[in-house]
Amino acid sequence: MKILFVNEKIDYDGTQLAPQWIYNNFGILGDAGVAFMGEARVPIENMVDLADVKENAFIYSPLMLHFIVEHFDASLELAVYRQRMLIVCIKEELESFGIKVLRLGDDLYVDKGKLSVSIATASLVSTLIHVGVNIETRGTPVKTSGLSELGIADISSFAFNVLKRYERELEGIYEARCKVRGKYA
Amino acid sequence: MKILFVNEKIDYDGTQLAPQWIYNNFGILGDAGVAFMGEARVPIENMVDLADVKENAFIYSPLMLHFIVEHFDASLELAVYRQRMLIVCIKEELESFGIKVLRLGDDLYVDKGKLSVSIATASLVSTLIHVGVNIETRGTPVKTSGLSELGIADISSFAFNVLKRYERELEGIYEARCKVRGKYA
Amino acid sequence: MKILFVNEKIDYDGTQLAPQWIYNNFGILGDAGVAFMGEARVPIENMVDLADVKENAFIYSPLMLHFIVEHFDASLELAVYRQRMLIVCIKEELESFGIKVLRLGDDLYVDKGKLSVSIATASLVSTLIHVGVNIETRGTPVKTSGLSELGIADISSFAFNVLKRYERELEGIYEARCKVRGKYA
Amino acid sequence: MKILFVNEKIDYDGTQLAPQWIYNNFGILGDAGVAFMGEARVPIENMVDLADVKENAFIYSPLMLHFIVEHFDASLELAVYRQRMLIVCIKEELESFGIKVLRLGDDLYVDKGKLSVSIATASLVSTLIHVGVNIETRGTPVKTSGLSELGIADISSFAFNVLKRYERELEGIYEARCKVRGKYA
Amino acid sequence: MKILFVNEKIDYDGTQLAPQWIYNNFGILGDAGVAFMGEARVPIENMVDLADVKENAFIYSPLMLHFIVEHFDASLELAVYRQRMLIVCIKEELESFGIKVLRLGDDLYVDKGKLSVSIATASLVSTLIHVGVNIETRGTPVKTSGLSELGIADISSFAFNVLKRYERELEGIYEARCKVRGKYA
Amino acid sequence: MKILFVNEKIDYDGTQLAPQWIYNNFGILGDAGVAFMGEARVPIENMVDLADVKENAFIYSPLMLHFIVEHFDASLELAVYRQRMLIVCIKEELESFGIKVLRLGDDLYVDKGKLSVSIATASLVSTLIHVGVNIETRGTPVKTSGLSELGIADISSFAFNVLKRYERELEGIYEARCKVRGKYA
């Protein structure tokens, strides 16, 4: 897969979670992960989490670090496993700064403040993951925590390290799959 | 899936990593995870990690907490993702005790001592995961750490909590897969 | 899977055969089967059976017992097999009342009257099955038979028993898959 | 798929349930179903049903009608669904003779006598189904019924009709899969 | 699969690359390949090749031999392999006329003139392939070659032979898959 | 995938067509293709083509260029498609020398002499392809042609170019899969 930190502000409204959005906007073809900063304001009609739609729980954050990941296979189940690994990569990058993080499924919490939102879904040609990590937290609809108050100043380095961890994780998973003998009995 | 802590000492020599070993020994049919304590001594001919076979790196530990997990689908790739989630569950259970753990792929380290061994493989009818977590560390071939010295006294509770975390993780992944709207554009 | 008989009249017009219709309306997340009673009047534009669309064969019945089943995997082929098993469950439940039923693919006939309509299809996140079983038959476009004239008075019990049979059938299939040794030669 | 009634006595001992046994013995390449008559005597070491192995429940019948079906895909789950459809085909062929049959999973009963044994399994290149239907019942280890006492005299016609039903069933399933519009919303 | 040469002029504008277009127009149900002659004029909004969309590279040819192939499985990856085999079949049919053809991926060239356009994509129920082979080349946006100038006079025979080659190729692939022993070690 | 020409003579007896033979011998982990020169002498018990086993058609050639390709996925059907593409790559590399080659399925012929043998099969963890291309032809059991008499002197360059073509082909197939819009209607 290819990874990229986009050095331009992009506000996230849910339309970025679309097949080949990465290719159409950044020319990267194939499995890829990109990160960028921007507001998050997802209207209900763009939300794909039906539990949130039911509860009318729209998403808002004044400034988030966004990750969009696309994998060109058809398994939504696998996509959710990958989403979990991406969340774990973010948690472990934060731990490298000495920050204690609690993970509950695909949510991250620091000091009981919700740090992230995330979803994984499928299109006809690919699977898609979005993770948004709060940088600033003013005006968020629930109690949140953000990277700024946690002392993560260099967001682009942080973002790149997370993408790098995720890339290595998937390489490691592939290698683990390739170096094992099957059980013939 | 069903989970079980087996309250009897079972020495692990690699033959436990076999299709329906859980069913044949404990009568649990279908996706399952079991845990038990015992020595680990895997001779080269029973090892399924070909990288270890190449390096003649046999496995030994005087006392380990063992997890055997079997899922009845055919995807070895998915099995490796599940193995990673099980490793993450062990790490996060240790974190609930205030223990700092470093994860590198499917290995766990505490204070630079290797805490665990792990493998995922496939049979004709299922996929299989083994994780062994050192309890005692005397005589291990590399620098290790163990649950005893980390102050985890109640191994059976610890094991059960890990299995419970893993079970909930997989339920959460299934629910995430079911509550999402596809991207139709 | 979860099963539910909905004790409220719902007229079926084809829009109920939609991903997460069950979750959005009854809060049941994941693989599920629900049954309810209501008219069936499917306009051509809502029909998914292209053979019927070609022949302009719209569906009408004054009162039907409807089954909607959703499975969260991606195999349309498997969905058709499951549809057949659901049809077989209905046939066998009728047989327990001493009623002789002829099955031709996914159609059921009693005394040469068509008892049912059925379809299986796929969405981006799930597969979907609809079976409609005539209760009343006045005004149907072809010669039909219905549960009323067959003496099935307690429709909700009948519906629940069918769903229960189907649930057990799928559990039995899963167990059969898990208890078998592969052929290693 | 191709179907064949083999007009020669073949005793079934479990070794016939093997990949490409049909091709190696009858020259039929690809998905196929064959039927033949013969004793059934499966020693424990040839049994693939681990529940039977556990209970030491060997299989014996003095004369059975055997079906061996092989499909060249890799899904054991699908194989079990197909096995169920084959069982249903046998039940429905018997019903065309006016015989009432009870199906419990993959078992058929007439007058509380067990009529059949069956298993589905997977090899590395295919999935395999065996169904044995008692013709004679002397000496069987449980209460059984048999085709002879049910008045089915022409076993080869019966066998061929079952295979024909099964072949049409699978064609119908394929056509159902092909004629349906997906749900794009 | 079923194959058909349609003896009527059909102009290709991209809307023919749709699920069950073959069934809806020619009544052929299931895996199928059809060929017909007609202009090619695909407006940008109908194009599915996003690289072409990016470059605004619309498709035009005054007269082409078109192939539409539909397979009712869900693997887009497999569809691209099949597309390549269809391209190879066209190349090899041309070679049987003594014409030297260069293949680059899914493009065919004769004397540095581009002979063909092609795409493979997926719908919810099937995968779809289009290949257009120039017959006439006046007005094409790039340097092209065409069947007329290559001396292929009988287009319908040529088309039928290509479809026949493709059909035999897929049969051969199926047979190769069925006649091989797995590697059990 | 990784590719390698092995500059050492290795006689092929069928045991090289084994999971992770490439990894165990050359340390290349994951999808890979290697080529080497050596005699071909495959005894019946090592043959995996059951049609050849039936006809007792053992394989012998005094000197062949061998290709072993391993892909770590589970689809035998896909493996046969890849095998065909590898055969096409060999054909097209020969065409770049001006040599006319006839392909019949997975066999290549020059001047009615059989140039190659090939098979694709599956193990529990991967799929495997072997292609042997005659260099010398003395003593072969059927009429053959060989690279020497065709004027291909630099076998290692030829081998490397074929592997390179194959590698690019698979990259192109992946890119084609990733750049296409699905059909949402």
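Note that the chains take the letters A, B, C, D, E and F in the order they are written out, and that residue 1 is the start of every chain.
To be clear about the criterion, contacts are C-beta pairs under 8 Å (C-beta built on N, C-alpha and C of every residue); 3 or more make two chains touch, one makes a residue touch a chain.
None of these values were measured; they are calculated from a predicted model.
The set of chains in contact with subunit B as well as subunit F comprises A, D. Seen from the Cα centre of subunit A, the chain whose own Cα centre is farthest off is D. Averaging Cα atoms per chain gives one point for each, and the point farthest from that of subunit B is the centre of E.
Between A-F and A-C, more contacting C-beta pairs join the chains of A-F. Rounded to the nearest 5, the angle that brings the Cα atoms of subunit B onto subunit D is 120°. Centre-to-centre separation between subunit A and subunit B, using Cα means, comes to 26 Å.
Measuring from the averaged C-alpha position of subunit D to that of subunit E gives a distance of 41 Å. In subunit A, the positions touching at least two other chains are 19-20, 23, 50, 74-76, 121-125, 177, 179-185.
Taken as a graph of touching chains, this assembly has some other topology, since it is neither a line, a ring, a star nor fully connected. Two chains count as a pair here when they touch; such pairs are A-B, A-C, A-E, A-F, B-C, B-D, B-F, C-D, C-E, D-E, D-F, E-F. Interface residues of subunit C facing subunit A in the complex, by the touch rule stated above, are 20, 23-24, 74, 124-125, 184.
Note for the complex: subunit D touches subunit C at residues 17-19, 47-51, 53, 76-78, 80-85, 88, 92, 95, 100, 103, 105-106, 119-124, 128, 169, 172-173, 176-177, 179-185. For subunit B in complex with subunit C, the touching residues are 19-20, 23, 29-31, 72, 123-126, 174-175, 177-184.
Residues 50, 54, 74-76, 121-124, 184-185 of subunit D are the ones touching subunit B in the complex.
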